[in-house]
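There's a structure below that I have some questions on.
The chains carry the letters A, B and C, assigned in the order they are written, with residues numbered from 1 in each.
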Amino acid sequence: MIDGWLGAVHATLVGLGVLAFAISGAQLAAEKRMDVVGMAFLAVVTATGGGMLRDLLVGRTPVVLVDVWMVGVAIAGAAIVFALHRWIAHLARPVLVFDAIGLGIFCVEGTIVAIDAGIGPVGAAIVGMLTGVGGGILRDVLGNDIPTVMRRESRLYLLPALAGSALTALLVELGVASTGVLVGIGAAVIAFRLLAERFRWRVPALSTTVLPVVRGDGTPAP
Amino acid sequence: MIDGWLGAVHATLVGLGVLAFAISGAQLAAEKRMDVVGMAFLAVVTATGGGMLRDLLVGRTPVVLVDVWMVGVAIAGAAIVFALHRWIAHLARPVLVFDAIGLGIFCVEGTIVAIDAGIGPVGAAIVGMLTGVGGGILRDVLGNDIPTVMRRESRLYLLPALAGSALTALLVELGVASTGVLVGIGAAVIAFRLLAERFRWRVPALSTTVLPVVRGDGTPAP
Amino acid sequence: MIDGWLGAVHATLVGLGVLAFAISGAQLAAEKRMDVVGMAFLAVVTATGGGMLRDLLVGRTPVVLVDVWMVGVAIAGAAIVFALHRWIAHLARPVLVFDAIGLGIFCVEGTIVAIDAGIGPVGAAIVGMLTGVGGGILRDVLGNDIPTVMRRESRLYLLPALAGSALTALLVELGVASTGVLVGIGAAVIAFRLLAERFRWRVPALSTTVLPVVRGDGTPAP
């Protein structure tokens, strides 16, 4: 799609993002007492889940794995966690940066894929956001956790993904989305993420969680 | 699709159903200590999840959000939970009624969508049921709960949804499904739900849950 | 698809596999204190989930339930668990064998379906594996458990499924996948599974799970 050295830079950045996602999957698997097969499986799901969710939603079928190389990178990520688990704390900072890079690229490119498939701007922004965050949500569901990105202890993650996707959809709609502009949006998402971590930005949450149960499907109070 | 004042009534009822689903999502999010972004996200997933699951299963792609207004209603539902959480117990009864309205409409209309897509009557009944209950199941999976509608403490929910969908599929198959008949089925599902809550109807469950583990994939006893 | 007595043998074996999957679903539902509707629902999801996941991924739509008879078999499985729960320990051995039969057939046939849909060999092997293990993973997600097949206490399950699917994809690619060869692969998967249970084969796991948290989406340490 993209040629020359720019294409090489793009592929490298995507690869680093996929690697970061995979490491987070393998690491959750280890925390949850899975075996190495579970680690590799969860690494692959985390790394490829956002793209597969995107393809399911836009109806790009067969869905599976146009980018087979991602499976290799994901398994390498699982191997890194297995081999280096004693020194894994040293990986925290690069993983954070690589993950932000992946998020920035995936939410911009996911939005473009959705628009190319004929989805309107609001839907395309949602697909773009899910391309970026879907792998991590699948990871946490399979690991039997509440998705990290929804928890009040987490820093901003869904919000920069949605902002980047919505801006992409808007500028494409306005016909001003050159490659340079799109790269700028991706870079802004990455910067936003890293600043959110650096300065511990959070969004508000209800101060109490002791709510009476108000659900329409008949759940009694716990 | 439906014109005139009948269309307005239909849209209002669907909107109330979507609102009830969204409130249940935002409320579970608050219980589970998510932040406001998590509340809005879970509200949107609960409100739109059944319809997205339906579109995935019937192959109506791109799947995402033909009805963009639902996202707005869902976010309004999350805002209501956030703003009114001190008085939320007063919402329990209207949310219950609105949820029943949503269930009745979604399972009848989901079945029709499935039949129009060429699915046979048994499959269409299942799609219709999932259109009604899918959002709530996704909500509970993301909130790391066993789906409410499957729990023994719950009142009848899956059963009226399946009955309404199956009856819809049957009467369409027999060629006697006029608009009036379909409205009647939806109303019966709503009435069934409300009676089940009012009189605390339940289905049986095994009296013991201390079963020896019989699973074919090698799980040892817990 | 397959005629004569060979077809009858095939259908019987598939039916036994579906029955074993359904029993595992109904049994988890009972353990998790669901009611009989939850038991039937989870039995159907477990029995049909792998095939539905396969159809979603390969874009075979409408997805739902070409094989309506599976729903009947699944509900029969739930009824067996409900009726025979006092004697269910006696079912452990046949369920284990039937489950292995289902796994062997589903991963070979799922791979073939994926290849016929134009998916490359790596993707097809993954689809085949997911056809075999997807129902059980959905079961555990809905039951709010970490998927059995990923846990370190489990014996080999994902691995024989993946090996069988990969071998199928490879031999189809090489043009040497006669019916006899495919039956042989399925039988090898079944044998592998039963030997893994008999001799308690496991794959390694990290000896410690006390890892510092290295995730890129800002999860603080638990």
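Rule of thumb we're sticking to: contacts are C-beta pairs under 8 Å (C-beta built on N, C-alpha and C of every residue); 3 or more make two chains touch, one makes a residue touch a chain.
Keep in mind that what you see is a predicted model, and the values were worked out from it rather than measured.
K.L.:
Which angle of rotation, from 0 to 180°, maps the CA atoms of chain A onto the equivalent atoms of chain B, to the nearest 5?
P.N.:
Between chain A and chain B, the superposition angle is 120 degrees.
K.L.:
Count the residue numbers both chain A and chain C use at their shared interface, divide by all numbers used there, and answer same if that is over half, different if under half.
P.N.:
Different; most numbers are used by only one of chain A and chain C.
K.L.:
For chain A and chain C, let me know how many angstrom lie between their CA-based centres, rounded off.
P.N.:
28
K.L.:
Hey, what residues on chain B touch two or more of the other chains?
P.N.:
56, 59, 61, 141, 144, 149, 151, 154, 156
K.L.:
Can you check the complex and tell me which residues of chain B touch chain A?
P.N.:
20-21, 23-24, 27-39, 41-42, 52, 56, 59, 61-65, 68, 71, 82, 85, 88-89, 91-92, 95-100, 102-103, 133, 136, 141-144, 148-149, 151, 153-157, 196-197
K.L.:
Which of the residues in chain B come into contact with chain C in the complex?
P.N.:
Touch residues, chain B against chain C: 56-59, 61, 114, 117-120, 122-124, 126-127, 137, 141, 144-147, 149-152, 154, 156, 158-159, 202-206, 208-209, 211-220.
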